Amino acid sequence: MSETSDSVTAHEGHGYVGHKEDLLKRLRRAEGQVRGVHRMVEEDQYCLDILTQVSAATKALERVALVLLDDHLSHCVATAAEEGGEVAAAKLQEASAAIARLVR
Amino acid sequence: MSETSDSVTAHEGHGYVGHKEDLLKRLRRAEGQVRGVHRMVEEDQYCLDILTQVSAATKALERVALVLLDDHLSHCVATAAEEGGEVAAAKLQEASAAIARLVR
Amino acid sequence: MSETSDSVTAHEGHGYVGHKEDLLKRLRRAEGQVRGVHRMVEEDQYCLDILTQVSAATKALERVALVLLDDHLSHCVATAAEEGGEVAAAKLQEASAAIARLVR
Amino acid sequence: MSETSDSVTAHEGHGYVGHKEDLLKRLRRAEGQVRGVHRMVEEDQYCLDILTQVSAATKALERVALVLLDDHLSHCVATAAEEGGEVAAAKLQEASAAIARLVR
């Protein structure tokens, strides 16, 4: 994985490539937060303090999801829309389904 | 931390102690999912596939939050309510605030 | 309904009775907001302006849900917990299920 | 729809126009559900039964929001994207902000 990271060649068309370092940093932080929750449970800390930490991790992941979706709309979907036709319609359909899953 | 983990003595009053192994397993899985998202971003995978994985991690954390809250209500809050008075009222107030943060 | 409204006698044990006027006011406002959304769609207003109004109505209903849940915990559940036993456990179980539905 | 809908001509380009009757029907139902919640509070019904009804109304409004957003993406945003340039970028930015508010 080491040599592929920061190598944008493979899928350089992806919208989030410009935000890649930002996303990776957010994800490392989220991973640390989840590990923190694990440690708090292991140490039998107070339920509501753990809940606060769970909320922080969830919010961090929601932020990642919004950045990804934002990039997807302004890149993949916009590119497809310029081409128009069935591919564009399918891309928009796919993006809408992803938004619906996010909102629940 | 090593010697305290699985030692329930320290705070054995916490409601989630009975669910501790279940919670720790869920958290290890959530941590793995967040690490998976990190790898997908690093490998420039498709935005919406990454989003699906982010949603899985978020749902896993929400489930952890509900287990913690459930345990908190049926243990800490119930114990306080039996005693009644101001302590019980404060505990319920605190639990309500945690629920509000969870619902947003 | 006319003669029962504001007559708290029927179910005076309910926790929200103290917040009844506040809840009714919030619900009238939410109803007005939903009617506003209906009018905006009828008048073909701009999608995102309508979305903003939909969000306002949803937030108003979430606030109502939290007030109801809060009252339920601090009244019905607390009362059951004081009595203890199976009834209390069932009440807590029921409240937890309601919270899970709210969080989704 | 012809004479009632306060002049459909004005903004007939809006994406949701094709779903207008569906949206209006959903909104009438949501309004009825909110009115039902109001009546349940007035009649001092059981907190958790009211909560269930509040959830139904919230879900109905979320569905309306997703239809509006879907129509907005596949119509307004797609149209702007075909034209490209700053207008398209602004439209996508605006749509992303609306999604973020929806997800919270």
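To keep things simple, chains are lettered A, B, C and D as they appear, and every chain counts its residues starting from 1.
Operating definition for what follows: contacts are C-beta pairs under 8 Å (C-beta built on N, C-alpha and C of every residue); 3 or more make two chains touch, one makes a residue touch a chain.
Please read all numbers here as calculations on a predicted model, not as lab measurements.
**Student:** If every chain is reduced to the average of its C-alpha atoms, which one ends up farthest from subunit B?
**Tutor:** Ranked by distance of C-alpha centres from subunit B, the top chain is D.
**Student:** Just how far, in Å, is the C-alpha centre of subunit C from the one of subunit B?
**Tutor:** Each chain's C-alpha centroid was found; their separation is 25 Å.
**Student:** Find the geometric centre of each of subunit A and subunit B from their Cα atoms only, then give the gap between the two centres in Å, rounded to an integer.
**Tutor:** 21
**Student:** Any idea how many Å lie between the Cα centroids of subunit B and subunit D?
**Tutor:** 33
**Student:** Considering subunit B alone, which of its residues make contact with at least two other chains?
**Tutor:** 62, 65, 69, 95, 102, 104
**Student:** If you connect every pair of chains that touch, what shape comes out? Choose line, ring, star, complete or other.
**Tutor:** Per interface graph, the chains form a ring.
**Student:** If two chains touch, include that pair; go through all of them.
**Tutor:** Those chain pairs satisfying the definition are A-B, A-D, B-C, C-D.
**Student:** Over in the complex, which subunit C residues touch subunit B? Could you list them?
**Tutor:** By the definition above, subunit C touches subunit B via 62, 65-66, 69-70, 73-74, 77-78, 81-82, 84, 88-89, 92-93, 95-96, 99-100, 102-104.
**Student:** Once bound in the complex, which stretches of subunit D touch subunit C?
**Tutor:** Its residues touching subunit C are 4-8, 10-12, 14-17, 20, 23-24, 27-28, 30-31, 34-35, 37-39, 41-48, 50-52, 54-55, 57-58, 61-62, 64-65, 68-69, 71-72, 76, 94-95, 98, 101-102.
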